[in-house]
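What follows is one structure encoded as structure tokens, with my remarks underneath.
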């Protein structure tokens, strides 16, 4: 962010991550000093299996412009099957959101393992730029007036 | 609306460099519920923790927020500090303002703002925390060790000596692993068999060690303290109780065309064979792909000559289950297959060195077999092609290692040492021969390691060239090795009789499948991930599962044995108490509200939720419900997400905690 | 056919195999048809069967007030029978505790058939103890069950969002959709929980979006599109569109249709390692 | 144009924990002028707001003669009481009231008073006791019977001792059989039996009985034998309330809006109400 | 002699009101066969005939389903409150059914006894109600059974009665007069309103039947009720509400929301005890409140017989059926016979 007065829109991004893979991936990005934008707020959950669709809706209600959900690669889940359940749940939930006309560019799902610090940093940078282009989620803000 | 104390750590200057800690402390005191905030240079240090304890007592705190590093680092530390001050350890939350903030955002203004926001989230969560007590779980004081190489053997002996039962499972017909095939070991040139075989015998005879060879792990259920391990005992076709190991069968067996994988293909073996002379258990095994009796029904000589009548052609795989409390993984390594084709598309192999095309281009373990007394040549260094004694041998270091293009970017740590050892062995056995070594850097960091390499060069006359070998071609019986000597700045061509490649160390095949069964993490190469590189090197993120030896990463024998004892030590720490205290952050179900649709029962990966009945005092059924077994639940929370009425909840990541965090966004 | 139904119910009540028959009736001749509970054999005359028999009676099988009446017999159309399959799958109803009387149904709704009946494939109910009547009615060959969803999806996301904002503006949160749905049987619904408040109870646009998304998603892979929620909504919200889009998604991704086969495990709560997806990075 | 649902901002003065899940909280108006103007009659209740959580109904358990603060007592069971449990000195909560009717202290003048409380029912009785003791001359003998399951469940135990020191005041504490601990000095037994055994002089007596319905059910015959009839036995209904001003229909029980015409009822009025509470 | 107005003139007048910025609401087809009282943007949307009763009621405009009562902001240990001044912009309800307008008058009692609920009274004073007499009814209507009728004037400021294409205008209150001042033409014809629905029960009979609180009928009469809130929320006289806080950690609002005694959580205590745990008890409470408690306390029957509860009920239960069953058991001594 250049020194110019901060009028540019700064998106608020919520990241629901699993404690065993993506959270450690984020830690690894830290230990490797990989820089990425500071808009993301990481919420630690035991497993992607624990990430419930209401959390995504509540994040938008509380003013998030983008929601990220990430956890272990299929097969690596610390609890064996959490991410499989999550994948099935997200597949169905995305179709429901699409029918509702909720902007799917504002919800991103990823598998980021504890060894993929770089992928985490790059992923966060990429989606923050996309969030900046998309601007504030006006449609949901109006819903919440 | 609560008495919450916020402790912001400078972490030396790791945090303070980009986060304005002073301003953050002031801003944080405005968060509803925060009673006071304080910063300190080293919160996790002893004075830091003392200050935390004193503040808890002085300010009658109801909850702590420690804003410092990742909870994976110091959550245990600060929970202990809270407990010491009489505050329930689960009323502590951490805001990760180092790895997730100060280290990754350079702009001071943004980093400080984000730090305050992360603390606000943590305060939200801690307000909804509930005091929890550790769960007491009965403990099975038996350990499972997977892989019986030197590390597996050492770990088993240590645990067994401590008086606990050990179940040792080895995939090969005999224990001993890769070290059993070595000739001598650096830096002392001890004969590998002489130092290993007594340990193998001790393991074979130890009353506390239950040995399963020629067996594999099918599945692992349960959780720390109560694992249920299913083991597949592959059909051996030999009745171990009757067989005396006299050897008549493998002498008389007509089938001898199968390559002996103990000698890495340098020799042939019979269909019924003993892995190597010092094998423990010294009992043969029939290779069903080579034995004509098993394939076509003809022959059966071995049964005829067996005086003890121990041969049993109808033998079947047997599935056995064992109850254990802890698991040590010691599955060892394999060498990078240097041929063109690779089993994993991540690696691209070395067509240019002609391995597999020129018989005299061998890898390090094959050279070990050549120089081993129990090897195919009885210890004489002879070329595999024509058996002649090679006069000039080229040793190439870093084949595969430190070579991202070939798929392995790390250094395999021990090749420099064993290459120097190989030049010595070669020199001692072929006095007039010359050894040429092409290396990138000599890595000899252990005790007496560098002196060992200096002796190989100065006393035994090995010629070391700093440079890579570009190509090996065969011209009239000689292997032309073209390379460059970067120190002299000149190309080098050597006509060699034999080439030995010091190839990279990879985890042994099947390591990732085993890791998935044990729910242990692994890196991109398949080496198992330790819980923390410096603080918890032999533990994994899966409670009760420990790792040691090469399965964790390339390492030499002294280090593997040291890690084995460390892992055994951790197991003994666990078994020191009669019951296991387990992390109470597990699920529980509001049984009045549960509609008994059992979505959670279907979902639970640990089958920790069962169908239960609620009856009134007269015994008639009031309602059905789902009920969590605290011993089995690992706290993944999937049941909470699939429960429509949210009757299921999980302590530590409960609905109210997570929603309170989001409300603080 | 009505005589056969009444006779069947009379014998059941007289023989004492069931204590109550959950059927359709009319309290006054020109009034609407609604569920009735027949406990005395002579009252079977009150049972009616015509194009106005919309209600899905299986919703009463999980109500404590009805369960206290004892063993029940129930009239089911094809769609109702499917919701019974889901109820049995989710251990809410012991199949042996209910005597299920299947009615051959050519579709309900006068003058024109209800939407669900035009695409119905279960005119003859399956998994019933006895079937009364028969019909040749069958779904037109190769018809797209989810035509209304595909039509709706042709709109742009902004148009779709505008449509739902306009629909949910009218939702008063009376929970008739929850009351009438046989698969909404929780003792305390998630919307009634206040620790934490997952869904705002206020009938604001925010609360209505959260409520309708949650209700629809709780029926993912479970709704058998009996269409009752849409019929009873006092605000006339097109709820069936949400459930149909989820049913389409469950069929497209996991080849799963709710309530068709008691053996296949439900779609939520089970997984398949080879599930395909193209949106996870 | 007053918004009848708008609470006044109160500052928490003191928080006292009585049992594992019962606390009492002293609050005073942030606006000192409102504190001075505020008055109520013992027995009335108020609606206490935890902003962000909701409102709850608790009896004002301090005496109406104490002008510098008001006090209420609660048990940690629901959403608002969960948040109230974390409240601390200096925090801000909301209060509106006083609502409901009050004890007929004037009508009780000259009578002997019997206060009977069970479990957490002591707070609604405490305000009446303090008021009576502060106008000691106006009232006859005062008997206080207060019981709970175990000694740990007793509330305002320090004040129980203080009351015993007043003249012609008799305090009987009891715990349920099986709940007593070695150092328990008081009676052991269920409240109705303890009351019967205490043979309190009958005649010209008014009784205030608050506690679980089952306790009230068995206490009434004992009072009857003591000659205290239904019109002289008062109790306070513990209904669920929302608005407190007779609009929202929540507390409606039979023909009565408990928040406006209660919560204090005589047993006579209570018997006329359907069992809908 | 009577004052009349043609339909076009009335529509023009409505457009004038809208133009003047008054909020005008009336029955309109929001969707295919869904008629509701909704705010109007032009008089073309206004329905003046061809409907029996909109699915909702006019109470939406006086006692909305969600209303902020004040906002709070949390700052550290301090809290700031911001009062929400109730909307008092003038509004006109056009073509409201007599059973709706009567309901509004009935509600005045409860919203003003003891403390005055300004949110309700402000809107009430700022509003003018133009009623439209009924010419038809359906099987659910029973206004005549509760003392109301197709042309009852209770609660209306102006009564419109259909008269050959136009309407007879009877201004009943000052507000009504000012609204229609100079817009009506004298005529010698007066509108004749057809008979309302047959009287099915009488409030006195019901009041007597409700005396027996433990009538076993409550266990069977309403078995098919699905405990949703459709009857209460579309009923013009149901006025129970819930008060909740909504917001995030920085602040939020306290709001009044519609609530229904039919929903099982209505009387559930935090301890889990629920005095009305069985659906029959909840139905009894609704009938008692309407036909016994409210009349005893405020002298008005809390029901205007509009039939919305039966029309919107998923199982067409409503309240009429229960009343008829209750009275069927009563001896014929009370009130005129059915």
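By letter and in written order, the chains are A, B, C, D and E; residue numbering begins at 1 in each of them.
The rule is short, and it goes like this: a contact is a pair of C-beta atoms (placed from the backbone, for glycine too) under 8 Å apart; a residue touches a chain by one contact, two chains touch by 3 or more.
Quick caveat: nothing in here was measured; it's all calculated off a predicted structure.
Chemist: What are the chains that subunit B and subunit E both touch?
Modeler: C, D
Chemist: I want to compare two interfaces, B-C and B-D. Which one has more contacting C-beta pairs?
Modeler: B-C
Chemist: By mean C-alpha coordinates, which chain is most distant from subunit A?
Modeler: Measuring from the centre of subunit A, the most distant chain centre belongs to D.
Chemist: Quick check for you: compute each chain's CA centroid and the global CA centroid, then name the chain with the smallest gap between them.
Modeler: Chain A is the most central one.
Chemist: Counting in whole Å, what is the centre-to-centre distance of subunit D and subunit E, each centre being its mean C-alpha position?
Modeler: Taking the mean C-alpha position of each chain, the two centres sit 39 Å apart.
Chemist: What is the distance, in whole Å, between the centres of subunit C and subunit D, each centre taken as the mean of its C-alpha atoms?
Modeler: Measuring from centre to centre gives 50 Å for this pair.
Chemist: Express in whole angstrom the distance between the two chain centres, defined as the mean CA positions of subunit A and subunit C.
Modeler: Centre-to-centre distance between subunit A and subunit C: 35 Å.
Chemist: Per the centroid of Cα atoms for each chain, what is the distance between subunit A and subunit B, given in Å?
Modeler: Whole-Å distance between the two chain centres: 31.
Chemist: Going through subunit A residue by residue, note those that touch at least 2 other chains and give them in order.
Modeler: Residue numbers touching two or more other chains: 58, 62, 75, 81, 85, 89.
Chemist: What residues in subunit E touch two or more of the other chains?
Modeler: Each of 74, 77, 242, 244, 248-249 in subunit E touches at least two other chains.
Chemist: Mind pulling the residue numbers of subunit C that touch at least two other chains?
Modeler: Residues 188, 190, 195, 197-198, 268-269.
Chemist: Chain pairs that touch, all of them, please.
Modeler: Inter-chain contacts occur between A-B, A-C, B-C, B-D, B-E, C-D, C-E, D-E.
Chemist: Which residues, counting only subunit C, touch subunit A once they are in their complex?
Modeler: Contacts found on subunit C: 149, 152-153, 155, 157-165, 190, 198-199, 205-206, 209-210, 213-214, 216-217, 220-221, 241-242, 245-246, 248-250, 253-254, 267-269, 271-273, 275, 277, 279-281.
Chemist: Give every residue of subunit E touching subunit B within the complex, in rising order.
Modeler: Touching subunit B from subunit E are residues 74-77, 248-249, 272.
Chemist: Show me the residue ranges of subunit D that touch subunit E in the complex, using the header's touch definition.
Modeler: Touch list, subunit D to subunit E: 1-7, 9, 49, 51-55, 77-79, 81, 90-92, 94, 240, 242-243, 245-250, 252-255, 257, 260, 274, 276-277.
Chemist: How about subunit D: which of its residues touch subunit C in the complex?
Modeler: For this pair, the touching residues of subunit D are 54, 78-79, 82.
Chemist: Which part of subunit C faces subunit E closely enough to touch in the complex?
Modeler: Going through subunit C, the ones touching subunit E are 27-28, 30-37, 55, 59-60, 63-66, 170, 172-176, 178-180, 188, 192, 197, 200-204, 207, 228, 231-232, 234-236.
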